[in-house]
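Structures follow.
Okay, so chain A shows up in both of these, paired with chain B first and chain C after.
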Partner chain A sequence: MMFGLEVRNVAVAYKGKSAIRGVSFKAGAGEIIGFIGADGAGKSSLMHAIAGVGRFSGEIVYGGETYRSPAEAEKLKQDIGLMPQGIGLVLYETLTVGEHLEFFASIRNLKRTDAFRTYRNKLLEMAGLSAFVDREAGKLSGGMMQKLSLICTLLHRPKLLILDEPTTGVDPLSRRELWEILDDIRKSEGTIILVSTAYMQEAAKMDRVYLFDSGEIIAGGSAEQLIDSVREYTYTEIPCSEKQRCFSFDKRSYSLAPLDVPHAEPTLEALFFVNALKKGYAMPKMELEARESDAPIPDIVLEAKALTKRFGEFVANDRIDMQLRAGEIVGLLGANGAGKTTFIKMLLGLYAMDGGELLLLGKPIRSGEDRRTLKAKIGYVSQHFALYKDMTVRENLLYFAQMHRIETKKALVRIRKYAEALGYRAYLDALPASLPLGINQRFSITAALLHEPVILFLDEPTSGVDTIARAQFWEIMELLKEKWGITILITTHYMSEAEYCDRVVLFKEGVKVADATVETLYKEHPEAADFEEIFMEYYR
Partner chain B sequence: MRLGVVKAYILKEFAELFRTRLIVMVYLMPTMIMLLFGFGIRMNVTHARVTILDYDQSHYSRVLTSKFEDSKYFDPMVLQITEQEALRLIKQAKTEMILIIPSSFEKHLLHGQKSEIGLFIDASFPTRATTMENYVQGVILQAASEVSPQKPQSGMISINSRNLFNEAMRDENAIVPGLIGLVLLVAPAILSALLIVKEKERGTIFNFYASPIRKHEFLLAKLTPAFLLHSVNIFILFLWATWLFDVPFRGSFMLYWFSSEIYILISLGIGMLISVITRSQIAAVVLTVIVTLLPGFLYSGIILPISAMDHESYIEAHLFPVMYFNHIIYDTFLIGEGLSAATNRLYLGILVVYAVILLVLGTLFLKKELK
Partner chain C sequence: MRIFWTIVAKELISFMRSWGLLAVVLYSFTLDVYIAGAGMQIKPRNVAVGYVDETGGGISQKILSHLHGPEFVQPKRFLSQKALSEAIFNKKILVGILFDRDFEKDYREGREAVMNVLLDATAASQSFTTLGYLQNIVMDFNKVDFPVALKAHKLFNQNADNHTFMALSEMLSIITMLSILLPAMVFVREKEEGTWDIMLLMPIDTKVTILAKSFSQVLIIFAGTVICTGFVLFGSFDMPMNGSFWAFLLLTFFYIFTSAGIGLFVASVSKSILQVAQLSMIIMMPMIFLSGAWTPIHAMHPVLEKLSLISPLRYYIEGCESIFYRGTQWSDLWPYFTGVILLGSVLYWYGFRKIGKLF
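For the complex of A and B:
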């Protein structure tokens, strides 16, 4: 078989720290190759090297040409398409969708033939953006931005397409559409597609998958081969005891030593756990003490009645009713732009309400004083983990504590306690930028918990976070629910995570379309194999 | 060079400049600096408040007092108070000078004896104090010569100064042309500093890294909009100078125009170099302001002529482009020798070399890869 792309012994180092060590692999025309692995495992570095935008050692052969540096890759760039990581990263906020396509066509020096126009319109059609040609990119939803970025990257018909987490932060519906575009392109154009992803269901659809760990590829093959390799370590879920070296997540338990329960069918996520077990990575045992405050939490913590938010003509939230009860985890789901973040911002008191009523602990929120009370009772973890990157973890946490007027002495005690409980004590004096996303996520949660709120809001806390960190995240949520009995409202694009929620609320175009327990929803949709299919039902 | 590629980038830059309202800054900032500094800096003194204590009450003393009253440089108050009380006024900042005419003033003069006039000056601002002192001396000399034109004024220095090129001694003439050199150094540099680093901060720089567009195409596309937009400022600033501030223009407009365009290229080059080495917009702007505004002001010739500088400052002045440009600018406005003067030809040459070096350095330092 002729290989279109060959990566030979490629290594990348930043400031003396190695990001990728001696990686080699091959890919042929029309193949989709998946890169999976924890945050910081080196996937992006390798992609930058192959796209010719980052320095590397070793050599890369593509289309018969060999290159060892970005300068040597220059002559191949007409055939390469790179979509770097980050929602709408390569888009210009003030340019419209149509102007973007014009710009990307021009910088690739494309001839404006009829064939070009047909292809351009086909891409717009596939991305569902035909009706939005005159809309500015800054006003698109995250999913639309990613689809626009993708078609801009596809416009010059690259023969080698490199996509770095194109679907992170994108809703299941848009994700499915993105994949349809990719599948179509590789079949019609014979494009080699390299794509990294944090969604294992996506990885399962690829021709070959490489698992990255600490700068190396530690496993590779088709999804079936990889799943076969971990089948013997996968069991149905049991609570892992202290002594057993085992992990439990998403209805399964993983252990190298045999367990006394039947085996379960693994997914690609099993790779992460089995690898962690084999490498002897310690999974910190999470423990959480009860809150220091002993003020009782009433049954209904927060109640929204016909809450409405308008932006000009556009109704972002239309008369939404919702009750949040103590000791409950509520999952807020919906496509990008369905109004989830707007709703949370209204609950937080960051947006003024245009209609309806909000009650906290039975009292209506009206004045500015009410809003301050509201903020003191709420913990909030934003999409981007609002941390100060020039301060250490400890300094960051101390700053948040001081914002809530917690005495320094008391705050330091609490910080140490949480750092221990959530297993990041070793990182207290490190700068956030040097830490993996999973650790940053845990201490962002701490920052939101320091003032012992009665409600915790988390906006896409698991987007882009690797499987093990997600497992630990849900362990923390369970502990909070159990030991603190507080309300947790969480948004996510991982449909499998909905199953960890006591109740699921679904938004569609600013309207609440479902509000029920996961079991009830499964009963209402008996034909659905997983929660993603239920979600799709509402968007059909 | 593929013009279609460059054109697409240029159009994109223009669209962004207009839609992000950055265009307002392009035209507001130069005019603002011009108006602020043009009206704000005053070197000569008018309406200095002088308190006159006339202890003589004679004909001569009244002639002297009336001279002060006639002058636009002074607002005199003739008071009948003691010296102590007058000194209190100066401490309370109610007057800036005290002029004391002694009781035997006229008698002494008529007898050809030396007479001493007392003068107290508030010297909190030394340059203003020196200027005021000179004016007072001038007024007194003038009064004395009118009173006794035939009598030689022995023991008194006759000052016969003549101001060249700025005969009217107008501040505007001395300051405003220099401001053009300051403005055209600062404003284009800030804009071009933002252009590349903005894409780095946002992430859109990947479009440059990952596409076949060449470095010089990219830079040409980035600098052209800034160059064109700021070229308009050359004319706007000229209008402010000649129309609003009434500065004469004696040289060749073509020379003014051409050297200003070269000078804008230098400024863009400085901004571009900063944009290439920095990673955030805020760092780029702060660095640009420090690198351009301070030397631009110090060595513009507004505060101090370069020829009057010594050692270090003289060398420093020659390192920055503003000195060469302002030499040409002051010439075109106030003198008009133009290219017939060897210094002007040399300095214009230096500016061209300066621009070329900066643009070449920018192209060399710009890397098509992640740092």
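For the complex of A and C:
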């Protein structure tokens, strides 16, 4: 092991609250080490400690040098590369791709030798950005931004690369490309790569995976070892009854006590469920009553006919037809920049249409008055669940109820009902920023449901949310479909989630390339093992 | 209407919970105005005087004995002009006086005696007022026979007190700044925090949203103004109140809407709070310069003087001075009300249209 990394008993605390408690592990040159765990489990804190940008206790040995503080890590910084969490966080919107590389080379004080230029071009080539050297970073898609951030971090040839959720919010295609870059780099440069991820398929590509839970590593090993450890608790999916302590998600059920059904092949996601079961965490039973309004929902709720949106020369949505029917969950998939968000914003009435027609409950939407009726009938959960952070959960919900002209008394009753049904009653008087992402997600859904809409739009509702919260989310969606019979349109980057949708619509460069049920798509692509491969077929 | 008040309440709650913002607004309306009023010293106070005396004392010491507290600290003696210059250069001394060898002799023999004064002109008002003092002292030695006596009558501000005037000007500037900044911020904050789309998705008339959001900020500034007038102007500086307090409040109310209109415009073209701050400064500075708050309008270049007619702050300041100092009656305040309301309607209408286009 020529350039080993050893983390010894590292702990990090913020304002007296401990984020990481006594974590130790080792990594050798060329290894990819994965960190998985719910958000708030301490992955980022540990990464910052190792990168020497945050205070910690314990010690870290890297390349024979030991450091116990950011100051001591200073001399190693030229060997360390850190890419923080968040798309495009290290980029400058108005600088071009070429200028970014130039800038990062300058602050790293790199000599512009031929070797540097060759390496730089190789990186651009790998990231598929060679053709976009003169494009401003602000005009790149999310996937391209992440690739640019990555090659900027790689420019000084770090021997220890630390990537905090580099693929969150990135489409499967760009994710695959990011991984190709990482694989290439670790082979050619012998780099140690620490990477945290929310996508369990990626964790399978790593040499070793560590599972984090409330500041501790609770399991570690290769993906196969970890999967083996939970095999005995994984069964084919059955509906979990209230008394059984079990979780069901993604065609599998997890239980510590033996179940009466055959075992199933687990994925890494099983780790989270088994861990939660072992800790005695019970998934709150979600329940939902029927809508209070008894206005019937017609079969076709919303219809888009040849909907077109242009931004200058660029056609973001090109003559898209789509029907949304009652009691249907539709998944809208596509690479970053394929026009999904634009399309949803047009359906919401936030963007003016440049062509085509939109019909809500059979009536065309034309005037501002039409648009207001449209708004009263739709619910929308935005990316990152943006709500008012200075108001408590209850105040937020009450505000939305008032905006929809729901009587205060009735609104308070509904809020309590939803909070109980979706299991976040204890958090009603907390500020949103202090809540786990999963709770915020459920409370954003409530905000979108208070006025009992006939359509619900959710823009990446599961991005960055941990596995158990995602399982709960899909349970809520199923309930909504069953009990309310409304239409649900969801965008997601988790291909496994497409299987929960009744119908999948695929966008590519502003054009609809597929619109069919999941079964039909599997039939059309018999060679595909999972939905991600079907997705790739369309992007090849 | 219920929706209107819901939005106002939501904005007020958000404001009260943003501790930083609340602190800045409170500071601006209290300490900042107080410091501007109390700290503004045109009269010399604790001026450091240095001198070089080559005469051997006598007249020179007599002159120096007139420089005493609280205006001056005990004059300090230097041995050479070079040392004195150096002290002035290092800001140890503000005013230097040189009595050269011939000074006493020339004086005694009835010739024109020259006393050289070095001034640090960067502290302009202090050093020039000191010069005026010195001239008076020298005049006393010269018993000029000139049968004209000057008797000044100070009108409107009997104590010729700069404090109330400076404090008032500062408060009006603060009102201008905050009533551009705060309304712009309530909109841009929604953009920054990603709640903009959610705001647009409410099934509400956009006019109600814009009106309610800007009105909530007008209320905040209005409350700040009342606190500032009560505690700082009347409480600390004994500001005279010769006119109607209600006239002042009404004029202020209209004026806040005027600046809020500018705020709406700023919000419509800014993407982040940072941009709001930058743009507000760019718009606000000329408004304040042209208003007569810092320079009397009659002392401006004719072109600027004409331009000042379109600064709503000009009408507001003149109106406020009239109310506080001159005690102008309601019926005679119409030019100020007309100016503020006219410019205000145009600005608010324009800002409203601009931001309305984003909805």
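Methods note: the second predicted complex is superposed on the first by the 537 of 540 C-alpha atoms of A that agree within 3 Å, B and C clash if a C-alpha of one lies under 4 Å from a C-alpha of the other, contacts with A are read in each partner's own complex, and residues count from 1 in each chain.
Here, a residue touches a chain if its C-beta (ideal position, glycine included) is under 8 Å from a C-beta of that chain, and two chains touch if they have at least 3 such contacts.
These numbers were taken from a predicted model, which means no experiment stands behind them.
With the C-alpha superposition on chain A as described, chain C and chain B clash in the combined arrangement.
Looking at the shared chain after the overlay, A:161 reaches neither chain B nor chain C. Of the two partner chains, chain C is the only one touched by A:391; chain B is not. Of the two partner chains placed around the shared chain by superposition, neither chain B nor chain C is touched by A:406. In the superposed model, A:106 makes contact with chain B only, not with chain C.
Touch criterion not met for A:124: it reaches neither chain B nor chain C.
After overlaying the two complexes on the shared chain, residue contacts for A:348 are found with chain C alone; chain B is out of touch. Of the two partner chains placed around the shared chain by superposition, chain B is the only one that A:51 touches, whereas chain C remains out of contact. In summary, superposing the two complexes on chain A brings one listed stretch of chain C into steric overlap with chain B, and the stretch in question is 149-157; the others among 5-13, 59-67, 149-157 or 203-211 show no clashing C-alpha atoms. No residue of chain A is contacted both by chain B in one complex and by chain C in the other.
Across the complex, chain A meets chain C through its residues 345, 348-350, 372-373, 375-376, 378, 380, 382-384, 386-391, 395, 399-400, 402-405.
Contacts from chain C toward chain A in the complex involve residues 2-3, 6, 10, 13-14, 17-18, 193-195, 197-198, 200-205.
Those residues of chain B whose C-beta lies close enough to touch chain A in the complex are 2, 4-5, 7-9, 11-12, 15-16, 19-20, 202-204, 206-207, 209-213, 367-370. Looking at the complex, you find that chain A touches chain B at residues 48, 51-55, 70-71, 74-75, 77-78, 80-82, 84, 86, 89-92, 94-95, 99, 102-109.
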